[in-house]
Amino acid sequence: MSEHVTSRRFYLLIGATLLILTGVTVAAAFVNLGPLNPVIALLIATIKATLVVLFFMHVKGASEKLTGVVVVAGFFFLAILLSLSLADYLTRSWR
Amino acid sequence: MSDSHATAVETAANPELRHHFADMQQQTNSASLGMWLFLVTEIMFFGGLFCAYLIYRLMYFPAFGAASQTLDIKLGAFNTVVLIVSSVTVVFAVRAAHDGNRKQLVAYMVLTILLGLTFLGVKAIEYKEKFEKHHVPGPTFAFDKPFDDNGKAIPVDPHNAQLFFALYFAMTGMHALHMIIGCGLFTVLTVLSWKGRYTAQYYTPIENAGLYWHLVDIIWIFLFPLLYLISRHS
Amino acid sequence: MATTVIPAQPASKPLNYLTNGSTIRSWLLTTDHKRIAILYLISVTMFFFLGGFFAMLIRLELLTPQGDLMHADTYNKVFTAHGMIMVFFFLIPVVPAILGNFLVPLMVGAKDLAFPRINLLSWYLYITAGAMMIHVLLNGGVDTGWTLYSPFSTQYSNTNVIEAGLAIFIAGFSSIFTGLNFIVTVHRMRAPGLTWDRLPLFVWANYATSLIMILGTPVIAITVVMVAVERLFHLGIFDPRLGGDPLLFQHLFWFYSHPAVYIMILPSMGVISELIACFSHKRIFGYKIVALSSIAIAVIGFLVWAHHMFVTGISLYAALIFSFITFFVGVPSAIKVFNWTATLYRGSISFATPMLYAFGFIGLFTIGGLTGLFLASLGIDVHVTDTYFVVSHFHYVMVGGVVMGYLGGMHFWWPKITGRMYPEAWAKLSALFVFVGFNLTFFPQFILGYVGMPRRYWQYPPEFQVLNILSTAGASVLAVGYLLPMIYFAWSLRYGPLAGPNPWGAAGLEWQTASPPPTFNFDETPVVTWEAYNYDEIEPKMEPTTLEAPVER
Amino acid sequence: MSKYFPLWPDRASTIAGQVDGLYIYLVLVSAVMTLLIFIAVAVLAVKYRRRPGVLPTPIEGSPILETAWSVIPFGVMLTFFIWGAVIFFKERTPPTNSTEVYVVAKQWMWKIEHMEGQREINELHVPVGENVKLIMTSQDVIHSFYIPAFRLKQDVIPGRYTTLWFKATEAGVYHLFCAEYCGTSHSGMIGNIVVMEPQDYTQWMAGGPSVPLPEAGKQLFTSLGCSTCHRFDIQGRGPNLQGAFGKPVLLEDGRTVMVDDNYVRESILNPNAKIVKGFTPVMPTFQGLVSDEQLNALVAYVKSLGQPAAGGAQNQAAAAPAGQPQKQVQ
């Protein structure tokens, strides 16, 4: 993990991208896109989080894949919690 | 057993190498994996709150929208910017540690702490406003019937708005708690860095504290749109 | 690494982890995983008997249909105490924190766990949580049941739910840190040559358990925090009057608490794999699939939680999904049972006490697992959920499974942990008591459940009495079976024959070091060049070898 | 079965036999499996017991065998799943012509209200051979309505309705238990399900004065002032409830919901949650103003407004136009 050096400029670039995406998500929130609004907000948030994980937390370029597996596993089980709970709530009124 | 039992040969390699590891590489990798696993527990910890939020937001969408609109989007966006900048200063600090540049390391650490305190300060202002507006869940809670731009009342049950604020306080409160812990952690590490504890060969604590800080940032990256940006359009 | 010899001790004897330091401080501030295991052994055993005491109170109250031994409120507090103590302070830590702590580093050929100080912190967290739990009990107890269902726990209970919740929260972090330690240790600290496919199955099982600890425990932690906050400030997250949904609590609760069942059973399954291999004196049948089935159980275990909620008013379709996935968990569990049985084929089977426990485990776990399928099957679950059928089912898994595995493992590794053999005849007798007592206690409860006796009943219609009497009678036999080992284990500490490094003729790195092991486990870091369970390279022993006639220490 | 050593519960509903059938199937499969394993372990352990000089044969494993004992048990388990799911589906699908009975649970009693107005506590009288649907809610904590003789159980939750239906087959008195732990007198929250022959039931029903539930609801509807906005003649400030029940309705936010017990209940307690398209959120909440029994009456009344004429014999009263005298059922 500790063996990669990235230039400051690159970090600044990522930081700037994150700031721009923050602006985009705020702007998008004021446009009526119907059901797409939350989708876009979450999509942008996910992109931002991915950038932080990959470049600030150095998962990209890490000497081993294990870190990536750990991160993906974490979000995978979170997804299980959310999706299977929703499987109940979204179908309660069915039939 | 304590570290004092480590043999002379191993201690010679690096004073920070603990007795049960074969070499620094193994020790650093272990610490890093341990930290990542801890971050996963943090994700699941917040996951419970996100799950509650998701379900109630689907159940009571209009109320959540109306309640969300009372939040100050400027302060929220400002805090997002603050945290992103602090994440940049953290990577700079880690880089400085990697280069063995003590002065830069301390400078960036201090900067990070200041940004963290700024975030908490803004959060405090927001909380204060909630108290004034009676938006804190409990017996004093009040939520006036909001109106949309056409002057049409938005159908909102105060109970459901209260639920939004309950989750708002639970989530941002838990996040703020993590920020406070982060600031404390960084303060300790700054002092240690100043004393020259960390070198280009050994700066694992800085790296791991950085990971923690980034995770707290990521959680905010999700909290911001979820709490502040619900149906802002009219 | 060489152990330091302190001149004050008899110079001829090298120090082991037990003799290396004898002050209280050297125990309470130890970072040696083996000493921490002993600390856990003492504290967890204490909680086991405390929980057992409450179990006896329950069984005594249920001897008669009327509630005549204690008041209804007291009874509610008693079964809550029994549940909380047994689940959070006994079943979850018992095998990982005692045997796992002791053995995982030994089995992977490491000097210690990856984070020895965090390991000690885990124990202190456990003790803090335990102290709080006892404090709660002394101050009137809790009456919510261990499940803490809202809105009873959040609004209606007048007992100290918050402190009990906090105790669970802290105990949860103890278990998170243990799991974290194990995962890192298995990934990073394996001896040279010890590849994943050479790991003992006990390590695989503890690894799988650790995954659940890491991924599940935080959710229960935040959930009890929400319950506490709800009680304090009436936030309404689970309160229907304020728009909340009480079922959300159950979802979050079972998201952890169902996988937690696998936290409990997986390490015991690991123990059984070790026992079967050793006492059949051959490699476990289908090593790879047994190893992977542990991981499969851990992962699938996260997909089935709402099978605890079929009658609670969840959606019909969700119930169908969860029922369906639940049957998938049955597959890896079945594989384990079949593979253990197949391992016996053409083996060289010894009937030492640990193996008797392994046989007991296979039998009782088979029954426990199969009755789990009854509960997974929707039509039957509606009738038997929340009855004694469920109570019996999970005791077959938890007591018949976890405790049998634990006792088997304890007998197996006792010579490694203490350097002494236990008395075999007494141990066999006690195993018999446990097996007979257990079945007598819990088998009638299956019938009680199907006939319709609901769980958590302080008084019951008179027609259920005979079955309840049988159950109580069995419980007293079981109690004898659990008390006996306490006596003869204690006896063996002083009078037991001295065990050599490998009394059973077992494979595995832990048997290649002295009994008890030195502080840093191995004099030299072992280099592994063989597969797991290389029993074909070891001569089977008719009797466990002891070093000499019993000597007094 | 012996009175003091029961091995099997009474069987008194149409579903009970089906549950028993599945149960017996599972018991048999389990018994065979358990015996197989016990015998295999015993035989192998004895046959291959350790003997001096006899070495074990190393066996790596057998992918074919392992696949077999993963796939075959799974196949068997699928039959458990399908059979269980079929029964469950029946249990959760009340027939449309069910007699409806309201149940309110509270610490620690069951309050029962029949449509015809009879009220009972901890006792439920039902006729043999008729579909009965219980519409249940709780005033405080979660309870569970459990009738072992019917093999049925349903949690009763505060804040919403859950339902349970059955068709009793044998006259007799059966246990009613609360199966979800609910506090001090959980084990005292028990009662009787009295299943009667139809003629006895009619007789029982006729005894005692009573106001039919929809009628009680109608009175409340007027006294609480609901009728000032929810009018039947002209469009009031609230939706016309005539014929609304049991049909989907379009909401202001674009969603569609089914007007069922839970929706009517929610609309009384939390009127702004789901506003019907074209209306404004002007209705005040009745949370805390009406008891659960009164709520049930109101829901029963609204339901009676919505029933089509063909909707089941026992709900004939409901088919009568609002404002006209309700006919006594049967």
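First chain written, first letter: the chains are A, B, C and D, and each begins at residue 1.
By our rule, a contact is a pair of C-beta atoms (placed from the backbone, for glycine too) under 8 Å apart; a residue touches a chain by one contact, two chains touch by 3 or more.
All of these numbers come straight from a predicted model, not from anything done at the bench.
**Q** Which of the two pairs, B-D or A-B, is linked by more C-beta contacts?
**A** A-B
**Q** Could you name the chain whose Cα mean is nearest to the mean of all protein Cα atoms here?
**A** Of all chains shown, the one whose C-alpha centroid lies nearest the global centroid is C.
**Q** Quick one: chain A and chain D, Cα centre-to-centre, how many Å?
**A** Comparing mean C-alpha positions, chain D is 42 Å from chain A.
**Q** Once you find the CA centre of chain A and the CA centre of chain B, what distance in Å lies between them?
**A** The answer is 15 Å.
**Q** Taking the mean of the CA coordinates per chain, how far is chain B from chain C in Å?
**A** 35
**Q** Mind pulling the residue numbers of chain A that touch at least two other chains?
**A** Residues 66, 73-74, 77, 81, 85, 89-90 of chain A touch two or more partner chains.
**Q** Quick one: which residues in chain B touch 2 or more of the other chains?
**A** Answer for chain B, listing residues that touch two or more other chains: 29, 33, 37, 40, 43-44, 47-48, 51, 55, 59-60, 157, 159-160.
**Q** For chain C, write out the residues touching at least two other chains, lowest number first.
**A** 187, 215, 219, 241, 243, 245, 247-248, 251, 255, 316
**Q** So in the complex, which bits of chain D are touching chain C?
**A** The contact residues of chain D facing chain C are 3-9, 18-19, 22-23, 26, 29-30, 33-34, 37-38, 40-41, 44-45, 48-52, 54-63, 65-66, 69-70, 73-74, 77-78, 80-81, 83-89, 91-92, 107, 140-142, 144, 146, 148-149, 151-155, 157-160, 162, 175, 177-188, 190, 270, 287.
**Q** Within their complex, state which residues of chain B touch chain C.
**A** On the chain B side, the touching residues are 1-2, 5-7, 18-22, 26, 29-30, 33-34, 37-38, 40-49, 51-52, 55-56, 59-60, 137-139, 157, 159-160, 162-163, 166-167, 169-170, 174.
**Q** With touch defined as at the start, can you tell me which chain C residues reach chain A in the complex?
**A** 187, 215, 219, 247-248, 251, 255, 302-303, 305-306, 314-318, 321-322
**Q** Spell out the residues on chain A that touch chain B in their complex, using ranges where they run on.
**A** Touching chain B: residues 1-2, 5-6, 8, 11-12, 14-15, 18-19, 22, 25-26, 29-33, 37-38, 41-42, 44-45, 48-49, 52-53, 56-57, 64, 66-67, 70-71, 73-75, 77-78, 81-82, 85-86, 89-90 of chain A.
**Q** Give every residue of chain C touching chain D within the complex, in rising order.
**A** So the residues of chain C in touch with chain D come to 67, 72-73, 76, 143, 145, 147, 149, 151-152, 155-157, 240-241, 243, 245-247, 280-283, 285-289, 310-313, 316, 319-320, 323-324, 327-328, 330-331, 334-335, 337-339, 341-342, 344-351, 359, 362-363, 366-367, 370-371, 373-374, 376-383, 385-387, 447, 450-452, 454-467, 535-536, 540, 542.
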